[in-house]
Amino acid sequence: MRPSQRNSDALREIRLTRHYTKHAEGSVLVEFGDTKVICTASVDESVPGFLKGKGKGWVTAEYGMLPRSTGSRMRREAAAGKQSGRTQEIQRLIGRSLRAVVDMEKLGERQIQIDCDVIQADGGTRTASITGAFVALHDAISGLLAQGKLSESPLRDFVAAISVGIHQGEVVLDLDYLEDSDCETDMNVVMTGNGRFVEVQGTAEGEPFSEEEMASMMRLAKQGIAELISLQKQALGV
Amino acid sequence: MRPSQRNSDALREIRLTRHYTKHAEGSVLVEFGDTKVICTASVDESVPGFLKGKGKGWVTAEYGMLPRSTGSRMRREAAAGKQSGRTQEIQRLIGRSLRAVVDMEKLGERQIQIDCDVIQADGGTRTASITGAFVALHDAISGLLAQGKLSESPLRDFVAAISVGIHQGEVVLDLDYLEDSDCETDMNVVMTGNGRFVEVQGTAEGEPFSEEEMASMMRLAKQGIAELISLQKQALGV
Amino acid sequence: MRPSQRNSDALREIRLTRHYTKHAEGSVLVEFGDTKVICTASVDESVPGFLKGKGKGWVTAEYGMLPRSTGSRMRREAAAGKQSGRTQEIQRLIGRSLRAVVDMEKLGERQIQIDCDVIQADGGTRTASITGAFVALHDAISGLLAQGKLSESPLRDFVAAISVGIHQGEVVLDLDYLEDSDCETDMNVVMTGNGRFVEVQGTAEGEPFSEEEMASMMRLAKQGIAELISLQKQALGV
Amino acid sequence: MRPSQRNSDALREIRLTRHYTKHAEGSVLVEFGDTKVICTASVDESVPGFLKGKGKGWVTAEYGMLPRSTGSRMRREAAAGKQSGRTQEIQRLIGRSLRAVVDMEKLGERQIQIDCDVIQADGGTRTASITGAFVALHDAISGLLAQGKLSESPLRDFVAAISVGIHQGEVVLDLDYLEDSDCETDMNVVMTGNGRFVEVQGTAEGEPFSEEEMASMMRLAKQGIAELISLQKQALGV
Amino acid sequence: MRPSQRNSDALREIRLTRHYTKHAEGSVLVEFGDTKVICTASVDESVPGFLKGKGKGWVTAEYGMLPRSTGSRMRREAAAGKQSGRTQEIQRLIGRSLRAVVDMEKLGERQIQIDCDVIQADGGTRTASITGAFVALHDAISGLLAQGKLSESPLRDFVAAISVGIHQGEVVLDLDYLEDSDCETDMNVVMTGNGRFVEVQGTAEGEPFSEEEMASMMRLAKQGIAELISLQKQALGV
Amino acid sequence: MRPSQRNSDALREIRLTRHYTKHAEGSVLVEFGDTKVICTASVDESVPGFLKGKGKGWVTAEYGMLPRSTGSRMRREAAAGKQSGRTQEIQRLIGRSLRAVVDMEKLGERQIQIDCDVIQADGGTRTASITGAFVALHDAISGLLAQGKLSESPLRDFVAAISVGIHQGEVVLDLDYLEDSDCETDMNVVMTGNGRFVEVQGTAEGEPFSEEEMASMMRLAKQGIAELISLQKQALGV
């Protein structure tokens, strides 16, 4: 039995609360059980230097955790004077995942900056971030369409992410902190609405895993992401 | 008339939500109208180097704003690699304000670390932070008392903070962003439950102010803080 | 009796030595007793980015202490790789104080950069800095007028600063290091020549202070600043 | 046809030159075609703080590129004052990959520090680094065994890494720079000698990939890694 | 007898391997005995800001050591977040030495960036760097001439560098690590092909040195540099 | 004729003012004409980590320039967040020069920290710093002897520094800023009281220099340093 009493293929309770804060063009509180992340999408009517004058847009992401979002307090990265390797890895992953479903020509010469800030952590902050950030991005783009700044949506598909892993010999979906800190393998999977892969990042924390285990994990991830995308659609009313 | 239609001596709607996140020993969402700050208190059973072996405790604070807590996105301080002068000023102020009501001998050789993170800003983030942080600190100390780690509370009094200022010639209480960005004078006042001053920081943004204006602002602040402390007591059920 | 044998309302011996170094457009050695600060004003015929093309000028300030200006050696900030929170607070205060008496339209699109470097510290370095920096600024502006780069002075008034505090129960003026490190309350006040307040920053180091003590401190500060401004005028021969 | 005229399942020419530099306990020049990386293993008879007194060892890695190892010169990270997110991602991956085959209890309280420095880059620097670093690690451990500091090897298995990807619709092995900069999907796979997975990191650069493509890539990687491990064994003479 | 059995006026074996890596416009592996440095010259068709529009070029240099190029591992400067004072001193010296023989008007508005990276250190890394970097620079310039980007060589002369010192009372040429770490005086000398001095940097590590010793060292350096320049010419086939 | 009307072998007016500031164990204002540097020596009864428990002391130095010590304002290094390469080169030179005349065993396990801060620059700040710092160091050591913390002076000799150079074809002593910015060769020489060399650092800014010019410069430096050491003795009354 999983520590949370869930079935091996059960997601935690997922909530997507739109318009969570008032300033951002998209602002979503995403909850995967006790993991809570504020995802905002900010529209910037200019692009980074390397894209100036090319008629293409950009989507980028930053990630952070409040110092006491975790069981014991972590050092504040702004005070430490740098972002950790883990933070950079995660924010690069979020950015790549979202860019995979955006047509940059259609977005035009503007940038959408995603911020994912974890206010409470219980495992799966990166997958919750990607899943919530997509909804914030969708809201920001709807705003641009409503204002007439875009005539056609640059979104090519939906995108969401989930973790799968091997915990006490069993392939499980959506690991919480207890499972995550005690699993043999942890894999984060990012997929689109049409069931194709954008990112697969699997790490054997303990025993290396086999081809069959890999395939099982992929299958479970696929199912979980289908559920998440259905929840995104429901939240967005589309 | 004030932009918010409030009377000159009216606070915004104040809310103090305790146990807002689950990990911290004290965790409070404080709202001064649209200004929303998560304040956590983390107990650390050790002290900074300069206090080792002296039998005394310490209270310190850090402050941050989510990049899109504001009308236009600010650069993330962790990415910039340093905290701004403004951030440092505010976190030093929060720390001093709380230490003013804590008996460090009674706290014993442990540190309480306060984190104030603004998730939505509409003026007055530092006064909201101090007011909310005191409640988080109170909860953390209650926990230490309940666990028998402290036999007597080290809290000597309550403490809260409010801004006063001169806006369009009128002395007003608890300025929101619209007033703050257009006022002649802005003053932040920190007071204890017994009506004495811990900090007074007034700045003439436009025209310098007179002794009489100063006295009026002090009076208004005193009244506002009495209200805030009454709300703190109500939230804490004491 | 005060450690320095001064009356409670007595300033230390104040000296303002103009043209202290040869390169800067304004260069003043200010001494408040044993506190000695070199204040220079450097004219830069350009403005920061946010002011470009607006026809307005800017005044900004930086502050530093020589590592052995103090009783025990402090770490050199350039070697540490950052300015402390205290340094940033002080330099922001100096900049705001001077800007309060400068008409930025009249200054035109140029910047005056103030540097205050403490070569010997004995309490009150920030108030000495503001008081000396104003004289250096005045000299720099006189130079611009003499060269015909300005036709009218952008200075609207004089400005000076002094500390007041409560030391052993008594309200005292211009605290030296011995008093400063042992006072109940320390307040820095910045005022203009016409007797109005620009900045008031009071902190209860020990016991919080009352409204009456606040009023006494303000009165004493007002008197001290009138004396300082008279000394500035004498030094400038105006 | 691939730009390099290789078959889709062909590795580039692989060379592993041991004892490449004289100071390090293990020192290997690894070449995957035109990609050349110096991998050194340095034995440190102490462990990081978090492992002190636990009787366990540690293996960690750092990665860098000479500024002109690439087609156009990159900024030197030491001069820039920080390692890029990409650098940190890669060095974390190298460290995790090697730790997966080391028994930390058997290694004892000492650390082996891997350095992978790219002197010429043509795609696949991270997979070359892992493959070469394992050989350097093996040499360092053989040295500890020869000196009697270890009585039993802490190595549980071999480990190597290869990239696979989808280039112009075809699944290919060991992408060089030309393919890498123009592929639809790029996947780095780390496997042990017994054919199990340690890390799988796949990214759709263009079109997301299907479950079938994923499986094909995994199969090709498995074959490539078997070849690499055979080359490692040959180089080590085991 | 010297630890290396060399005569007091003997250089170590010197090798200059051109075209060592494939991307750079000039790429040389220079070996002074066991000291091995990769020197690359990268042509950048733009100049630093202070030279824009002046019709003049620039040559600049950076220096680094692989962490395990030395007997015990050094901290990686990119990870430490800054270059040491020693590194900066050396790279400034390399840059000045090369600029001494380049006619910046003839070079035209372009920059040549030298990178010297030590892969194995055994004393004399800075003199090897200068000697090898000149050859890389020469190759880069030959390339510009061949492409017709330059019609005339901006090189005014050759330049090379050698160390001399006093070891166990004897004046010796080209100190290796064993001598360097145990010498009384260490002097680095940079000279041109016509036998004039560009840089002389002598430091008494132990006993200060006399005018006569200084003269002996200069004479020995002059001879050594003549040999080095002859080797440079041979390597370049000129 | 030199711009300053001095003879080629004439020093500028040299002043050494002891006890310039009140806190440091040694505090000297050194003036070489218009170049003015505050040199302090601070005694620290502990040593850096690498010397702990070895019974030996250490002397180290830091150097800085006030932002407007120069003709146009330089960026404050503390604000820039790092010391320039030039600053580091100079402070390393000052430290080495002073250590050359100190017997570290006799100094015992304590550190003397030198700070050289330029308040006005007109060429030769590093030579003035070394010359003044020696006097501050002497005073600090006299204090330790007077307090009985040392029974015997660890100073083995005096040390001073001067620049020589080739200006408009003539070998000149003690270059001021006008000469320095327009010379062909600039050489800084550090010598002891007994006329031996501690450091020689010569750079051809324009035309490389010959062996004969080198010898002339050395001779002139020797004479200048003899004068400086005589002035140091006079200032110290020894």
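Chains: A, B, C, D, E and F, in written order; residue numbering restarts at 1 for each.
By definition in this document, a contact is a pair of C-beta atoms (placed from the backbone, for glycine too) under 8 Å apart; a residue touches a chain by one contact, two chains touch by 3 or more.
All of these numbers come straight from a predicted model, not from anything done at the bench.
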Of all chains present, which has the mean Cα position farthest from that of subunit A? F
Centroid spacing, where centroids are CA-atom means, of subunit A and subunit C in whole angstrom: 51
When centres are defined as mean Cα positions, the distance from subunit E to subunit F in whole Å is 28
Let me have the rounded angstrom distance from the C-alpha centre of subunit D over to the C-alpha centre of subunit E, please. 33
Note the residues in subunit B that touch 2 or more other chains, in rising order. 81-82
Could you draw the chains as nodes, link the ones that touch, and say if you get a line, ring, star, complete or other? ring
Chain order, ring traversed from subunit A with subunit D following: A, D, E, F, C, B
Using the touch definition up top, name the residues of subunit E that touch subunit F in the complex. 82, 85-86, 88-89, 91-92, 96, 100, 187, 191-192, 194-204, 207-211, 214-215, 218, 222
In the complex, subunit C touches subunit F at residues 21-24, 27, 34, 36, 38, 40, 42, 44, 62, 64, 66-73, 76-83, 87, 113, 115, 117, 119-121
